[in-house]
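Here's the structure we're looking at; comments come further down.
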Amino acid sequence: MNSYGKLFRITSFGESHGPAIGVVIDGCPAGLKIDEAYIQSELDRRKPGQSKITTQRKESDTFKILSGVFEGKTTGTPIAIVIENEDQRSKDYSHIAKSFRPSHADFTYEQKYGTRDYRGGGRSSARETAARVAAGAIAKLFLKKYNVNINAFVSQVGDIKAPHYSDMDLSKTEENIVRCPDSTTASKMIALIDEVRKDQDTIGGLVTCVVQGTPVGLGEPVFDKLHAELGKAMLSINAVKGFEYGSGFEGVSLRGSQHNDEFVNEGGKIRTKTNHSGGVQGGISNGEDIYFNVAFKPVATIMKDQQSVNKEGEATTVKGKGRHDPCVVPRAVPIVESMAALVIADFVLRNEVSKLR
Amino acid sequence: MNSYGKLFRITSFGESHGPAIGVVIDGCPAGLKIDEAYIQSELDRRKPGQSKITTQRKESDTFKILSGVFEGKTTGTPIAIVIENEDQRSKDYSHIAKSFRPSHADFTYEQKYGTRDYRGGGRSSARETAARVAAGAIAKLFLKKYNVNINAFVSQVGDIKAPHYSDMDLSKTEENIVRCPDSTTASKMIALIDEVRKDQDTIGGLVTCVVQGTPVGLGEPVFDKLHAELGKAMLSINAVKGFEYGSGFEGVSLRGSQHNDEFVNEGGKIRTKTNHSGGVQGGISNGEDIYFNVAFKPVATIMKDQQSVNKEGEATTVKGKGRHDPCVVPRAVPIVESMAALVIADFVLRNEVSKLR
Amino acid sequence: MNSYGKLFRITSFGESHGPAIGVVIDGCPAGLKIDEAYIQSELDRRKPGQSKITTQRKESDTFKILSGVFEGKTTGTPIAIVIENEDQRSKDYSHIAKSFRPSHADFTYEQKYGTRDYRGGGRSSARETAARVAAGAIAKLFLKKYNVNINAFVSQVGDIKAPHYSDMDLSKTEENIVRCPDSTTASKMIALIDEVRKDQDTIGGLVTCVVQGTPVGLGEPVFDKLHAELGKAMLSINAVKGFEYGSGFEGVSLRGSQHNDEFVNEGGKIRTKTNHSGGVQGGISNGEDIYFNVAFKPVATIMKDQQSVNKEGEATTVKGKGRHDPCVVPRAVPIVESMAALVIADFVLRNEVSKLR
Amino acid sequence: MNSYGKLFRITSFGESHGPAIGVVIDGCPAGLKIDEAYIQSELDRRKPGQSKITTQRKESDTFKILSGVFEGKTTGTPIAIVIENEDQRSKDYSHIAKSFRPSHADFTYEQKYGTRDYRGGGRSSARETAARVAAGAIAKLFLKKYNVNINAFVSQVGDIKAPHYSDMDLSKTEENIVRCPDSTTASKMIALIDEVRKDQDTIGGLVTCVVQGTPVGLGEPVFDKLHAELGKAMLSINAVKGFEYGSGFEGVSLRGSQHNDEFVNEGGKIRTKTNHSGGVQGGISNGEDIYFNVAFKPVATIMKDQQSVNKEGEATTVKGKGRHDPCVVPRAVPIVESMAALVIADFVLRNEVSKLR
């Protein structure tokens, strides 16, 4: 279904070229002050056309709150947000209406539903993530009450990698268009994306996210472990192929004696000396930094012609056209943060009932 | 909570050293023949004491079906399965009752619940996964009706890696105790685990899983993408740190023109020439092999002494004792398969209502 | 939360005097033809100002589909419907902003949320039911594929009662403004409502609903019995105080030998001779008519002054003003049908996976 | 499915004549002291063979806790409770294996699942309610922390009615075997049940439940109204045909001016002068007594022979035999209380997150 979260719960709707996309946020506690300018600024971080290394398609992504907010505060009732699709000009979609674009969802939607809205990918378009960012902005406003801070950034484009997050100043992420806090790496990334774009091709990348200030105790043992839910949330973002937290895939090569995080008493607060656990132990936050990596494949839409088949199973050529992102990660940064915020907010609420008061 | 799945749904219960662990399977369609010997054989693949490279603790893991099966077939009502804990001998737990073992869930449980069942890790013990394997065995029986085949194997221990799955005969996985289909690699893995065990240490590893024969159309767009749910399921297994499917983290470095899977008509069936997509496009299965990697950290319980703190925040030493696995991946293979089966079975049912009949 | 249904699932949003109300329908199978004129006609049956015995407030209740429908058919993605609130003129709400209207939700909302949108009752306004009717219309279109027919009517106003449903022609329900298929009874009901209205008072009533053509097998044993879910759905409608199905409260006085419905073979079809069961046995539909009664209390808003207290707990007088229904049941008929349709549609989908195919 | 509740959630399993029935309680907060003697005393109120007016079948209904309780307190992990079926003697079920008993679930189960466990009704047997009572006892222990008191009693058998609850001393309910607090009425009820039993027949009845001490604010607007969920919970109990709360069906005949509950300030506490609302306004508790009626039909199993059909659709006679209750309401009293406790406990937890702290 199209809902996510148990207590802080969102329901997303809308297609790329329908009248509008939107989201209903159900379960946001009453009394939260809603800063509309902040929500718009988050949407602006995701919107197309924001720089030379993103798609040049234009959408203002102006949102409207239809319910759930009264006199500037949440009332405890569902918050419905709608974003109209402006770029709905009548296009010629014949090149994709009957053909299956390689590595897109055209074929699978057609098979699953017996039909599909082919205009711009319909529901499978990454345009849907605008709804997540709007909802995520409200989750972030909620988490500010708990002093939780969420910062994502681009840590890799192609083979160009940024330093470890602890060696960078995360406040500098927004200082360049690729959203990498290290300016030297950022320049190289931008150059690579530009080169790829000129090649009419696309390239993959990595987004790293760091959550700081999380209270101890978030996450539910067994199936709804904090990192399992973060993993699902990230893997649900378009083009994501992998998720790792803490020591991640590199941890495989380590020995227990190297990997274990010893507990220490730091001025009355129990902390760990190292943080291979990535802030989560037994599926529950331990108060240390939660950090994880999200792998994005290269965007499937390329400007080159590709071989494929049509509905009838006949060989056909899919023409490269349109305005698309040569690399998705710069615009993915606010999406990763939003999904993280939605997961953490949900677990904050869920944790309210873990023990008798 | 302790439930997983939407239509094919399991609820797990039980602590490591309580009277029993178990699972309730709700939503398994009526009329499925239950092969109890098969369920036991699956539990045997996971049980402790099965070889020299696993923990030497003994549990027969004999299960009992309490409900939901009549005259050898499922009735459509909940199937409750109980596995008694045999190894409940009264032990001295004082070394962990008040101390927090590094990289275990002791500290986080204590903080979250204000209390914890410290005997053998209680609910956070990997013993809970026996419940998953029992349920997974039933999911596998169900999937046989759809000709879905699930095969996991150990693809890495420490730095020792197996060949790509397409270059091995997956039917050989059970031929050695480390569960790697390539016998040469298997020998090296076993030697490494043995060495690590003698060092009183532990080591991480990778499990790869291949799902073949999946019908086209499984998975729900947006949040409940097939791979997102597989990711959550895997990340919910104890000691898992990462998940990737298809091209995974390596896909980050590729270009779209390399990564895209072109469609071809193979004797009337639409297939893809390559399979970087890992059998999933737009969150929905396309009929190709679904394959993914699951990263396991080194087991946290080591035989060496470690520094830590106790409940009062005082420095203490956690003594290494007990009988534990030097490497978790050989026993994790059936767990990974079980969670995959539960996810696929759930999506098979969910897909029954995707379009008008 | 504000969602209802498991597979055919709706999420409702909106306040009486906010910008709009609406609903997201998630899980409607792909391929269903959407008849927009029919949806509007259903909304028109519920809308205010439709006759002299309803409130004279005017709302056109024009709806707009934002997503999920393409080329006239559902695509399997969420269907978002929005109805703008036209009657938002800036009113003086001071009489209720700080006072608690007797038998309204003012006091309980204020206590639960620490705040409330007091304009026209906000979320607690029966205006929310327009969202249900829009969604219910789509559920009805879906159920037409299964030949399920749902007919509700007014069976009692005050002490004036209609004959048993089997003694009336249910196709005549829409022939009078009170929606009672028996014209003689209808005239008396209309006269009573008119009298009550002139008294500046309100009166309660009963809606009876008959569902015909339901396939055998709908409903889930134990908690989600068909009649239990119907009961919840009806009790969730504003002003409802009771629900009974089949023999209902009168069945209490009967003996088993009178009440039991004997099975007979009617031309190859197994049926029951009588239908005290109301079409549901063991929580599952048996193919006979499902019929139930829904009791509505008199509308709480009356034109007379009433004693109450304000937020500060001081005695105050709540002035009778505004435009309200003297009796809610005529407009409740389509709401009852809609909620029934949503429940039945959900169970139709849920039943698709009850047994192996 | 077989689960109920959102945060305080139970999953029930088991058939009448299988090895055991049981329940898993998930979401009970950690730190609750579990009084096992109390749980048993609640089960004893429900068990068969307790008096001359109930079935003479014998079951001790001894329960065993398998998990979730450590050192006498809940740990926050799932509490699994199992009750073995003792009365499993090999019986001759041929009279029902192939025939459909009138007003039982035989026919509908057979149609829905293509099979059924016919021994003693299998899953459709009221034996399943023992699982609810065990879980309900834990919910009651939890609610004691909030000073919530739940008292149900038999208010009607056939046409014999007890006085209004406010005119009786509810602490006297357990003083007689029919569980009516008024001893004169109780004697008449007992005599009637005895007469009906001698007639080899059965009779219906009413259970009234009063919940006192509920905090203000429980219940969720729109679909999950407090009374809607109570209604579903009650209607999910075997043999229930109707539910009403507060003024209920009688409220239909009243006028708004009679029905409205005026607010008054009673020593600093806002209360209502009357309580036609039954303690719930807008779906949310207002702190007044919550009271409701639950209508039970006469038990379907009678000792007289009845006409029916078999699986092949041939006419057959269902012989009256076995040991069954002539009237279900005396044993239903603890079931009604248990379901009420489970609903209230769930809403207590859900209300913890309604507003910012």
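The letters A, B, C and D name the chains in turn, as written, and every chain counts its residues from 1.
Everything below uses one rule, namely that contacts are C-beta pairs under 8 Å (C-beta built on N, C-alpha and C of every residue); 3 or more make two chains touch, one makes a residue touch a chain.
Computed from a predicted structure; not experimentally measured.
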Legend entry - Furthest chain, CA centroid comparison against subunit D: A
Inset, instruction - Report which interface contains more C-beta contacts, comparing A-C against A-D. - result: A-C
Inset, instruction - Would you mind pulling out the distance in Å between where the CA atoms of subunit C average out and where those of subunit D do? - result: 26
Inset, instruction - Indicate the whole-number Å distance between the mean C-alpha point of subunit A and the mean C-alpha point of subunit C. - result: 39
Legend entry - Centroid spacing, where centroids are CA-atom means, of subunit A and subunit D in whole angstrom: 46
Inset, instruction - Enumerate the residues of subunit C that touch no fewer than two other chains. - result: 1-3, 12, 27, 30-31, 76-77, 112-115, 123, 221, 354-356
Legend entry - Residue ranges of subunit C in contact with subunit B within the complex: 7, 27, 29-32, 76-77, 145, 221, 349, 352-356
Inset, instruction - State the interface residues of subunit C toward subunit D in the complex, per the touch definition above. - result: 1-4, 12, 100, 102-105, 107-109, 111-115, 123-124, 128, 156, 158-159, 196, 199, 201-206, 216-217, 219-225, 227-229, 231-233, 235-236, 241-249, 251-265, 268, 270, 272, 276-278, 281-286, 293, 295-302, 304, 306-309, 313-315, 351, 354-356
Legend entry - Of subunit D, residues touching subunit B in the complex: 1-3, 9, 11-15, 18-22, 24, 26-27, 30-31, 64-68, 70, 73, 75-80, 82, 112-117, 122-123
